[in-house]
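What follows is a set of structures to go through.
After this come two complexes, each holding chain A, first together with chain B and then together with chain C.
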Partner chain A sequence: MARIVVIGAGFSGLAAALRLRQLNHEVTLVAKGVGGLQLSQGTVDILGYAPEWVQAPFKSFAAFIEANPDHPYATIGTQPVKRGLTWLSDLLPGLVVGDMEKNVCLPTPVGAMRPTALYQPSMASGVLTKGKSYAIVGFNQLKDFSPEFCAANLTRTPLPTGGSVTATAYRIDLEVAPGEADSSALRYARALDDRPEFRTRLADAVKTVIGPEDIVGLPACLGLDDPTIHIDLAQAIGRPVFEIPLLPPGVPGMRINEALMRALRKAGARLVLGSFITGFEASAGSIVSVTVQQAGHDRELPADIVVYAPGGFESGALTLDSAGKISERTFDLPLTGTNAADLVTGDYWHDQALFKVGVRTDSTMRALGPDGAPVYGNLYAVGSILSGATRWAEKSGEGIALGSAFAAVNAIGGGK
Partner chain B sequence: MRKLRADVVVVGGGSTGVGVVRDAAMRGYKAILVDRADLAQGTSGRFHGLLHSGGRYVVSDPESATECAEENAIVTRIQPHAVETTGGLFVVTPHDDPAFGDQFLAGALKAKVPAREIDPALALAREPRLNPGILRAFEVEDGTVDGWQLVWSAAASAQAYGAEILSYHEVVAVERTGEAVTGVRCLNRKTGEDVTIECGFVLNCAGPWAGRIANAAGCQPVDVVPGRGIMVAMAHRLVNTVVNRCIYPADGDILVPIHTVCVIGTTDHPTTDPDHLEIPREEVQQMLDAGEELIPGFRDARAVHAWAGARPLIKDKHVAATDTRHMSRGMSVIDHRERDGLSGLLTIGGGKLTTYRLMAEHIVNAMEEQLGVSHPCRTADEICPGNVPGKTYLITDRLHEREEDRLSDQIICECELMSRSMFIDLLEKFPQASFDDLRRQLRVGMGPCQGGFCSSRIAGLTFEEGAVDIERATGLLRLFLENRWIGLWPILSGDQVRQAALDDWIIQGILDVDHLPHPAKEEI
Partner chain C sequence: MLEVDSYEHNVLARASLDHCVKCTICETQCPVMRVTPLFSGPKYVGPQAERYRHGESVDHSLDYCSSCGTCTLVCPQGVKIAELNSVARAAMKRDHMPLRDQIISRTTLLGTVMTPVAPIANAVLKFKPARIVAEKTVGIHRDAAMPTAQLTTFTSWFKRHTPSTTPTRGKIIFFHGCAGKYFEVDTAVKAVEVLEHIGYEVVVPKQGCCGMPLQSNGIFDAARKSVRTLAGQLQAGPAGVPIVSTAASCAGMIRHEAREIMGVTDDALIEAGSRTYDISEFLLGLADKGELPLDDLKRIDTEVCYHAPCQLKGQGMGTPAVQLLQLIPGVSVVESGATCCGIAGTYGLKKEKFDVGQAVGKPLFDKVKEVNPELAVCDTETCRWQIRNATGAQVVHPIAFIHEAYGLGKATEPKAGSV
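So, the complex of A and B:
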């Protein structure tokens, strides 16, 4: 049994911490705040674009890795990703369904057809299917979702696998509180969780407006605690119902976040939240402790192993100062780029090389120095800190997160 | 083909052009303004936002200083909604010569620019982020001005006097019969329609583009040398009064708090193409260094956006430099009657936004002199529509409005507190507008998120309201994001890099906007 400190509470950090705890290690999770999952769309992407639409993620791996030798998948390989996905599906059967060998298209709020592999049961009926008709219903009080925009783009866009769908927009008035004009998805989710009559109101309102469409799409707000609300609604409306993930904070992402946090607590991991790492001690090429700022003072956490899952630029783990210098915030790890000057261009639609900068690792996920040797023998880097990917464009974020976490876990091995 | 008739056509919808069209309309002329783009899309919207007290020029150009002091008071009176009376400071930093302060005070007295030396401790108490090592401080009556609000309210005043404002009308030719101007031929860039305006006089107020209009009239080439200057906006008001460095005018010598940001400016480099103004990395660094000298820690503050503007400088040996009757300082007028044998055309260059009204007065006087008539100028006497007398802008205005309508309306742009009805109302007036056109009047997408959250919302609203079809609505969303990036990538660092990554997660990751069907290039 090793004393393991996992830093970061995003997808990779939570997965690594929970898996290591299941393997009987003493796990402390340190995070400065809530992780990135709550901002996500709540699907599990493996590889969606390479850059063309990817039909079968794992079948495309070999060619993708050959074309992108610096991509995290080139280091991680297929097996850890598959193991991670299987583990997650088994852990959260109520939140993760789908076939990891096959991408599907799910509609986005602007009516794009977004590829993903695994998704939530509440999204399953939204898997866009040739020839089907969809009623896309928005709420007047929810500004983050325009059913008109969504439906019009869905109708005019050919499916990547051929054929098309038809979508029709509808709107309903649905006040969470009397007179409230500007509600968030989270307000709706809580109302649907807590108030059975609100579910009835939603179902009745939808039933009244929609036409003869096959399937009903709603903004993703169908409960935070209860992931089965879509089933109730489908019964009441008499058609399959699905939800469309919205702008952050995203209700589906929060569901997975809360489920993983619950599991972690239950498994007996120690959680140190709201705390920055302010320093660390290393000896003989290994990290021996990290210093955590907690309740106004520094506290040392001894560590046999550190799993570093802090996120990338979006979380502030990778920083860029005003003079153009890129750094890694906590351990000052060597990065694949240090000067941003030539890494950003004015072409908005082109991938920015800056966002591919990160930490390089060996196949066990140990962070490497410029000499190709691990910087510290016991520091494993996982998730968005890894170099070589533009996750939002590739739709590869969760696959890299889980895959790298499982590659690290595999290298660390089980405790006693 | 559409045919119109006017006494005078004003080319260019910046501050000079709208000032001129307002003045001409108020003097009773049937006036039409044309611009190839939206109002104040060029130089008048691409400056730091300073409404000069005159302090900047008391040593280098005292007459200019006097004009600024007078016009500052007039603009604040007639267009209070566009002006925030922040006040200003001139500070001597430890790197500057304290003796310049004496020249400054003497110059201010002579130029009738109100200025008073105050204890540096008092300046620091007012602006705690100022360099604690400042040696001297002087308070002046600088203000800040929203160039877009200024231009739009002057345009509204002109319209109230019967003027027509035709944006997105590009001048194709200035028609002439022998030695006299007879009209202007335009292309409506939104509809593709040809528009001919019969007129006896054309006032070329196209700023950096004035040379093209002179060409369109068949005149000898006018030598316009646009002076490119960059500005960097920081995401907070690090200061609440305008802070000037008390030195001879130089690059990066001013920090202007305007709306939710403060802006450091500027640089000055000659350029050739005012349509493509670069924001070079080294100039951004120069601005940040300059900011650091005024406000220690400036580099660690959050830069949110940068832009470049082009000063409309004309270097032409035919400029009537000696004819001071019809000139404001820094302004140049070419009378094409003397220069090219063409009557009914004046080309105007240079000038300052603060003195835009005075410039317009001089230009219309010059036109009247050529026409052999004279009417009094009344532009300083009347408040522009949409302004409440004495009610200058306060940064808390929008918060106040949102508190009033928070239960009945939605906030579409949280950063800039733009409500749904603000957007819908303006969209109804300008159904063909691009999101950037609407942004300049509403500030949507100008805050820290730079459109990450609001851009898809306004695209939805625009389509829902039936203003455009889905191809166009999608295209407008893409165009808006592309254009925001122009001012983002040169300054990307610190927290704004985090924001850019989050925005990419939203726009590409969650929404997958990049895979919506779209043409290779979006029309304006």
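So, the complex of A and C:
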């Protein structure tokens, strides 16, 4: 049993912390704030574009790694990613379904078609299928979702795997509270969780407006605590129903975030939320403690092992100063690029090398120095801090997060 | 730094607002926004409105912010949302501070008046017609939780008591807070007995109010005066020794709120804050170093719901009480997982906010009733009163369990001061 400090509460930090705790280590998770899960779609991308549409993520791995030798998948390899995905599916059967060997095509709120591997049961009927027709229903009081925009794009876009679908837009009035004209998806989700009559109201309104379409698509707000509301609705409406993930705050992402947090609490991890790690002490090539920023006085948290899962530029783990210098905030780890000026091109749609900057690791996820040796023998870097990927373009962020967490866990081994 | 009740003294908090990336994480976690449309949420009222404020109020829904601090806690970018709001509220209320807010924020005064006549005071507080009058005239909700006055203060108990052991570990300062002195005397007594039991020589310097209720009501001048006096009083105790407290929110006032919200940067305050610990944090720290006698902890077979108060979470120490209680054989701790109990100091007492406070606390009350309807655990006084009032459960400070486990009494039985 080792004293392990995991830094960061995004997908990678939560997965690493929970798995290490399950393996009987003493785990303290420290994070300044909620991680990126609830800003995501609540699905699990492995590899969606390479750069063409990927149908079978793992079958494409070898060629993708060969073409991108600096990609995190090149160091992680296939097995840890698969183990992470299997673990997650077993852990959250009510929230994660799908076949990791096969990408599906799901609609985005603007009616684009997006490849993903694992998704929530509430999205399953939304796997776009050749020849099917979809009723896309929006709510007048939910401004983040335009059913017209979504439906028109779905109809005019050919499916990546051939064929097409037809979609028709509908709108209903659905006030969460009398007179409330602008409600977030989360407001709807909580109302559907708490008020059975609100579910009936939604089902009745949808039934009244839709035409003869095969399947009904709704904005992703069908319950936060209860992820089975889509089943009730499908029954009441008499057609399959699915959710389309929206802008943040994303209800499907929140479901996974809260489920992982609950599991961590139950497993007995120590949680220190709301605190930055601001520094550390090292001796003989190993980290011996990290500094937790607390009120009044900092605390040195002793650690046998540190798993660093701080995210990338978005979370502030990688910073850019006004002179264009890129640095890593906590351990000052060596990065694959340090001068932003060389890494940004003026063409918006062009691949921006800046976003590939990050930390390089060995296959056990230990952060490497310029000499190719681990900077500290017990510092593992996982998730978005890793260099070499443009996650949103490749649709690879969640696979990297889980895979790197499992590669590190594998290297750390079991406790007792 | 300037000391005015406007934004200028809060330079750091104001600078942090540019870090807001509008990710809405604070909105998803805000317990008030969840239950009422009267508060337009931490993102709007905080970093967004602050840009336009320049010392003036631009959004009066700010008054419905309970100052629980959840927004600051969950913000991954380090924006000091709650702190910005507290300063802005003080500026907004400056010229028309309600009488009610001036009364309820003076805990020492309430304690001094109530203790000598405790049974009468308690009877009056339980007497419905009197509460209706108080609601109509002062604005304290008739059903709001009120403290129970005690016949003796902690201070008089402490003067009379004889330590059970001879000190082996040196001196320690105990900071009891106003509630510990007047109302939650039992908690303070048990804390001292535990500290003495494990070998400390407990010193209790004279101490007044930390000013927290004044601060949260926006009465900054008086609050600054209080906290400065207190810092001096604590410093009058033995130098350099840890200051340990059962009053988790008052400790937070010394450790960061006075500085971050009211701009008090006196050396005395910073120095006192740098050695102030929550008692569970302190004891767990000993345990982690192998310095807490664990073999003496006797078995207590129970399952209880533990609720971590907002003001404790805001200090960045995690939830040490959970780990501490689990050191006792037989104790099974279920974390409430709830954000806030809804009292937020004095917020939930106010007649116009009572219903909001009850709705905020509902998930917690349900959890307490589900886990163990007889007994729950929470570190701060006002939160305990709120949970007691709403659930009927007895709610104790974590130290009550450690006290029982060391064979010093029973967690559910008051040790001293009781009416």
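To be clear about the criterion, the second predicted complex is superposed on the first by the 415 of 416 C-alpha atoms of A that agree within 3 Å, B and C clash if a C-alpha of one lies under 4 Å from a C-alpha of the other, contacts with A are read in each partner's own complex, and residues count from 1 in each chain.
Assume contacts are C-beta pairs under 8 Å (C-beta built on N, C-alpha and C of every residue); 3 or more make two chains touch, one makes a residue touch a chain.
Here the structure is a predicted model, which means the values were calculated and not measured.
S.K.: A:Arg265 contacts which: chain B (first), chain C (second), both, neither?
M.R.: second
S.K.: Name the contact category of A:Ser315: first (chain B only), second (chain C only), both, or neither.
M.R.: both
S.K.: Check whether A:Phe276 is in contact with chain B, with chain C, with both or with neither, and answer first, second, both or neither.
M.R.: Touch status of A:Phe276: second partner only.
S.K.: A:Glu180 contacts which: chain B (first), chain C (second), both, neither?
M.R.: both
S.K.: Using the superposition on chain A described above, determine whether A:Pro245 touches chain B (first), chain C (second), both, or neither.
M.R.: Touch partner of A:Pro245: chain B, not chain C.
S.K.: Looking at chain A, does chain C or chain B touch more of its residues?
M.R.: Counting contacted residues of chain A, the larger count belongs to B.
S.K.: Once the shared chain is lined up, is A:Gly33 touching chain B (first), chain C (second), both, or neither of them?
M.R.: second
S.K.: Identify the partner contact of A:Asp144: answer first if only chain B is touched, second if only chain C is, both if each is, neither if none is.
M.R.: first
S.K.: Do chain B and chain C land on any of the same chain A residues, and which?
M.R.: 39, 180, 248, 314-316
S.K.: Which chain A residues qualify as touching chain C in the complex?
M.R.: My answer: residues 28, 30-35, 38-39, 177, 180, 184, 186, 190, 248-249, 254, 262, 265, 268, 270-276, 292-297, 299, 302, 311, 314-316.
S.K.: Please name which positions on chain C make contact with chain A in the complex.
M.R.: Result: residues 19, 21, 23-25, 27-29, 34, 37, 72-78, 252, 254-256, 273-276, 288, 313-319, 322-323, 326, 335, 337 of chain C touch chain A.
S.K.: Which residues of chain A touch chain B once you look at their complex with the stated criterion?
M.R.: On the chain A side, the touching residues are 39-41, 49, 108-114, 141, 143-146, 148-149, 152-153, 156-157, 179-182, 245-248, 250, 312-316, 319-324, 340-341, 344-346, 348-349, 352, 354-355, 391-393, 395, 397.
S.K.: Can you list the residues on chain B that touch chain A in the complex?
M.R.: Within the complex, chain B contacts chain A at residues 281, 285, 288, 299-300, 303, 406-412, 420, 453, 456-457, 459-461, 463-464, 470-471, 473-474, 477, 481-482, 484-486, 489-490, 492-495, 497-498, 500-502, 504-506, 508-517.
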